[in-house]
Amino acid sequence: MYGSTFGNIFRITTWGESHGRGIGVVVDGCPAGLSLCEEDIQAFLDRRKPGQSRFTTKRKEADQVEILSGVFEGKTTGHPISLMVANTDQRSHDYSEIANCYRPGHADLNYDRKYGFRDYRGGGRSSGRETIGRVAAGAIAAKLLKELGITVSAYTYSIGPVQINRANFSKEEISNNALYMPDTQAAQAAQEYLDKCMRETNSSGGMVECEITGVPAGIGEPAFEKLDAALAKAMFSIGAVKGFEIGEGMEAARLTGLENNDAYRMDTEGQIMKKTNHSGGITGGISDGAPILFRAAFKPTPSIAAPQETVNRQGEEIEIRIKGRHDPIIVPRAVVVVESMAALVILDAMLGSMTTRLDKIKEFFDK
Amino acid sequence: MYGSTFGNIFRITTWGESHGRGIGVVVDGCPAGLSLCEEDIQAFLDRRKPGQSRFTTKRKEADQVEILSGVFEGKTTGHPISLMVANTDQRSHDYSEIANCYRPGHADLNYDRKYGFRDYRGGGRSSGRETIGRVAAGAIAAKLLKELGITVSAYTYSIGPVQINRANFSKEEISNNALYMPDTQAAQAAQEYLDKCMRETNSSGGMVECEITGVPAGIGEPAFEKLDAALAKAMFSIGAVKGFEIGEGMEAARLTGLENNDAYRMDTEGQIMKKTNHSGGITGGISDGAPILFRAAFKPTPSIAAPQETVNRQGEEIEIRIKGRHDPIIVPRAVVVVESMAALVILDAMLGSMTTRLDKIKEFFDK
Amino acid sequence: MYGSTFGNIFRITTWGESHGRGIGVVVDGCPAGLSLCEEDIQAFLDRRKPGQSRFTTKRKEADQVEILSGVFEGKTTGHPISLMVANTDQRSHDYSEIANCYRPGHADLNYDRKYGFRDYRGGGRSSGRETIGRVAAGAIAAKLLKELGITVSAYTYSIGPVQINRANFSKEEISNNALYMPDTQAAQAAQEYLDKCMRETNSSGGMVECEITGVPAGIGEPAFEKLDAALAKAMFSIGAVKGFEIGEGMEAARLTGLENNDAYRMDTEGQIMKKTNHSGGITGGISDGAPILFRAAFKPTPSIAAPQETVNRQGEEIEIRIKGRHDPIIVPRAVVVVESMAALVILDAMLGSMTTRLDKIKEFFDK
Amino acid sequence: MYGSTFGNIFRITTWGESHGRGIGVVVDGCPAGLSLCEEDIQAFLDRRKPGQSRFTTKRKEADQVEILSGVFEGKTTGHPISLMVANTDQRSHDYSEIANCYRPGHADLNYDRKYGFRDYRGGGRSSGRETIGRVAAGAIAAKLLKELGITVSAYTYSIGPVQINRANFSKEEISNNALYMPDTQAAQAAQEYLDKCMRETNSSGGMVECEITGVPAGIGEPAFEKLDAALAKAMFSIGAVKGFEIGEGMEAARLTGLENNDAYRMDTEGQIMKKTNHSGGITGGISDGAPILFRAAFKPTPSIAAPQETVNRQGEEIEIRIKGRHDPIIVPRAVVVVESMAALVILDAMLGSMTTRLDKIKEFFDK
């Protein structure tokens, strides 16, 4: 079955694998009239580009995006926007080992079972490069959201055992360190931890947190299209995510109603506000006007050079050491992927909310 | 926008609110030839029925299901199966207080903002009664999965600070205690904790865990229709869920690759197997043949009798004490909801996987 | 696979078969705030009710609709509206003959091949009664469209060889005759033709025409969601439709560009208008501001008492005479079905068009 | 709203406009294991390429397709197949006239109303070049169908007043004449008629007929996903289609039940067969085992050099003569588009039918 399309109204379809001719995305349902150029998108892509620090793979991926359709005289036309990034750094690796065995923590075996065979070069469709399409589309969504007063901001929340301290939180710091952590001290400690992992030919997991501000109350749909359900699916659609939580998250299970409920008060401008934000900005699946705050947990990079037990296609038990240029941690490069997926979800929900009330529909059509 | 339809192939649409004439679901895409009677469905519904212990509301809800269509001579016909449960216990409450104010932890304010007004009786569409349709449909999905050798089993994992001890795990125990906990000791401690919460007119959160066995490797789609992404959305579509994790879950963020990767070995029957199951049965979004194991965290019941600060529709700050018959904890009654949603996801993914390989398609059509 | 859901935003799901407990529909995505009561819907259903003239079956079907959810204090809440009509006239027919053979012009054989068996009572899901759900939902769509200044009006265009004469067209006449024809003389001739068919235990085909006014230019989407494509699908989803045409329709194939193009001129109020309407109100798949005008051709009722050749389930060639109370023509009762499906398509396209332009989206959200 | 995605399981998304960098399609949901190379697709594209006779535009469009993803070692991988054709013949036309006025029979005005502006170069997204993506995807669908024993064959049925004579029908003749007509005499008469149209700076409409053989009985879904409803939508999604009919089509409205019903008999091999095929291979929305036969009516090319009345963006009434290289008739180049869209519909319905019966599902999963 298909699986590469995401979104109800602002709808994207990604394509491409690690070693094909390119990677891309078609954005359908983008409103007409948004100023858009390749630089808008490139800025997002550059944030996931490898080779920017010693904690990301040394593979060289230029990842230059091209707008193939849907923009005329600098504005979106309302028609599909096709974006493509050519695959350039395709060394003629020797893939014979990977082709013949099942790497622990990867989907190799599952792919063989599912499709009968697989494109083993660089992970094929399960490669992290698949996220290029998401980020390119997310750049458009984020730009459009800005026009509606909404900002989406993701950053590294933890790396292995090192977690940010909210007391030290600094938005500016996010782009200052190679790990996109909003806490200088934590970033330092995390780098030391990662260096240790690398020395041990091992890898580390971590968490990304994302804050979305400016979403009015009332966005999201009851039942199955809850806003947090859409965010959860979006995050879990990113390869290595193993957990997702919003507001108090998993911790809410340990709280009481009195601790977890957000009381309502009036603010100084006569608007209703919540005194706290245990909900993380979504209550009953619908935005409650407070900032949306969620976290996604990423597992450690499965490709490690340390020896591991596995089997080959002949059913022989073997030992494997994954060679090649792999990130010791997925999280820093995943930050912009999380931000992109979140932007796609929020924009789609905003557009979807326009048909909720008859009075507003009549106003829209001047009736 | 619509939000009450779930599933790609086995597709359900739920309807109904707390105080309308009834609650129901239409199941479309159910294969023909499954034996089905009202008892099959009633057995599931009875597990979510209130009034079975002192930890669930004393409201009386008979919740008798009726099959209105789609079954002929005891078998599903392949056409939509319409199921309905009449609302019976609709006391003529005085809803004037709830109508006029915004209950903390509820979606009242969001609904007013979104729709301009709301059906305030018993929570309307955001009532827990909405899950009746899911459970009724889930009963069908679970019965169908059994024919494919797949079982789905959910239970209470924790209540407030009380968590099961895997060393004491007993499947039989699940249906033996009012809390559906698979650990006698934990169940006892949890009951004491809940009694305390109730005395304090407070409520508790908790977690549900779910194990799915028999799913072959290769189920789920890459990119956006990953099997764990579909499960995450399904769980977050349940009202009070604030966190979802699979396998090592949030904890995976703290592990290293060596700790988290599952090595492959050959079993005694010459089949490839994983030595461990850190992945929770899903790798790269696709089932890996091991049991699927996930947890969902539920927030504490927001309706509590303890006084809380809120505002009314006139913008006045007031204090509210929620009267009425409310569960002190959502988790025990949510167990069967989790099981149902999981069954819907797995069945849908199984059916979706039938069109993956040309060789199997040709075989299917005898070509 | 599922097949009982229709619409992208205003989305309906029908259920029920001829001899189950009832027939119904769930309307999801209906905006909040529309005044709605059972009489609004009943008025539409009464137009398809049989037994109102000698040209419709004598079966008695009360077809009383019940609103089960989604309406509170006389207004739609924005949540699913569940509508149900109980099946009442279920005589204990002897269905043994139909159960065992394949009626020419019916889907009996196809159903057996597809599902392995079928609910043979009264045609099961392929019964004309399936359209009850569509008409009930269409009544809501039509009421909502009226609030947007749009009217949908269908009528009988032809019966067998008898066609209306546009020179005699009278809107009032439509509800004056049993055949819903807007031309007194044609209606008279058609009745004589039908009497002849009935005397010969035969049946007749015919056409329904539908006019939609008030749709602004710009509704419908390019490529696959063209407005006429959606109408075509909607009409062909009605059981007996074998042809669909818009504007000049099939005849356009015989015209030249000069004959078929609609020239633009300015009207007296300074608005652009088309001098002619060969397009039938849709150009390039998008409404062009002129009234939308289309026709659907219905085949003759396949159930006739005249002897026909067929085979039974044992593969024996037999002769069959279909007993029972069958309409000699489908068209008059299909008029309201066409009107309902058209209303569903137009409303869905109107709602879908709200997210097309960034400037209007910003205005909507006050940005 | 989006509108560029088509299909439920075998799902395509087209992108591109006349004068962007290219035109393309993403095919998602294609089963793994189909042999596929660029030549397979090019053969289809070459059939719609202009410049092959005096009846098609002299524009030079190389239309070389490139497979960008989804194929590995000559076989489809089960992942999205991205296909692209670069736009090469983009003369720097003077578009100032077209930019400023509304061409009769085109969607120019509708686009301006809908989007606020339009890419006026060569028709933008409403250009016939949009069909390149459909044909490229259709080539894949047709190749896959062949593996299932199904062939799809379209040809020109009529041009203006000239219609094929079934007595002269010759399949070989289809590719022998520039008009793709299966009747030598009709092809000759049609060419004379077209020469006359061209001399008069006028254009002609026409019809395409399509025959599909090998579809087993039981394909298509009741209610809204009827096989003929899907075909109708597919055909009407092609720019210039104004009518669609299947089997007896519009003519069925004039027939009686005795004339239109297809009697069943046993064939010499003991199989049930229909004596006639008035239904055109689909009864009750489901394939009945006979060949599927339908026709689509195309309006005359709206772009003609003869003078026409129109208005410009300033609201001035003007006269326009459309310059440039335009086909005097759309039909011959549309033949392969019809064939492609039909292949997409049939393949999608075949795949969709695999989940209909529990017994076959159990067999598929070896249970």
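So that you can tell them apart, the chains are marked A, B, C and D in the order they are listed, and the count of residues begins at 1 in each.
Note that in this section contacts are C-beta pairs under 8 Å (C-beta built on N, C-alpha and C of every residue); 3 or more make two chains touch, one makes a residue touch a chain.
Because the structure is predicted, anything quoted here is derived from the model rather than measured.
Among the other chains, D has the CA centre that is most remote from the centre of chain B.
By number of C-beta pairs in contact, A-B leads when A-B and B-C are compared.
Mean C-alpha position of chain B lies 45 Å from that of chain D.
Mean C-alpha position of chain A lies 26 Å from that of chain B.
In whole angstrom, the spacing between the mean C-alpha positions of chain B and chain C is 38. The residues of chain D that reach two or more other chains are 1-5, 9-10, 14, 29, 32-33, 78-79, 114-116, 125, 216, 222, 355-357, 359, listed in rising order.
Across the complex, chain A is touched by residues 9-10, 29, 31-34, 76, 78-79, 144, 147-149, 216, 222, 350-351, 354-362, 364-365, 367 of chain C. If you check the complex, the residues on chain D that touch chain A are 1-5, 9-11, 13-17, 20-24, 26, 28-29, 32-33, 66-70, 72, 75, 77-82, 84, 114-119, 124-125. If you check the complex, the residues on chain C that touch chain D are 1-6, 8-9, 14, 102, 104-107, 109-111, 113-116, 125-126, 130, 158, 160-161, 197, 200, 202-207, 216-219, 221-226, 228-237, 239, 241-266, 270, 272, 275, 279-280, 283-289, 297-304, 306, 308-311, 315, 317, 352-353, 355-357, 359.
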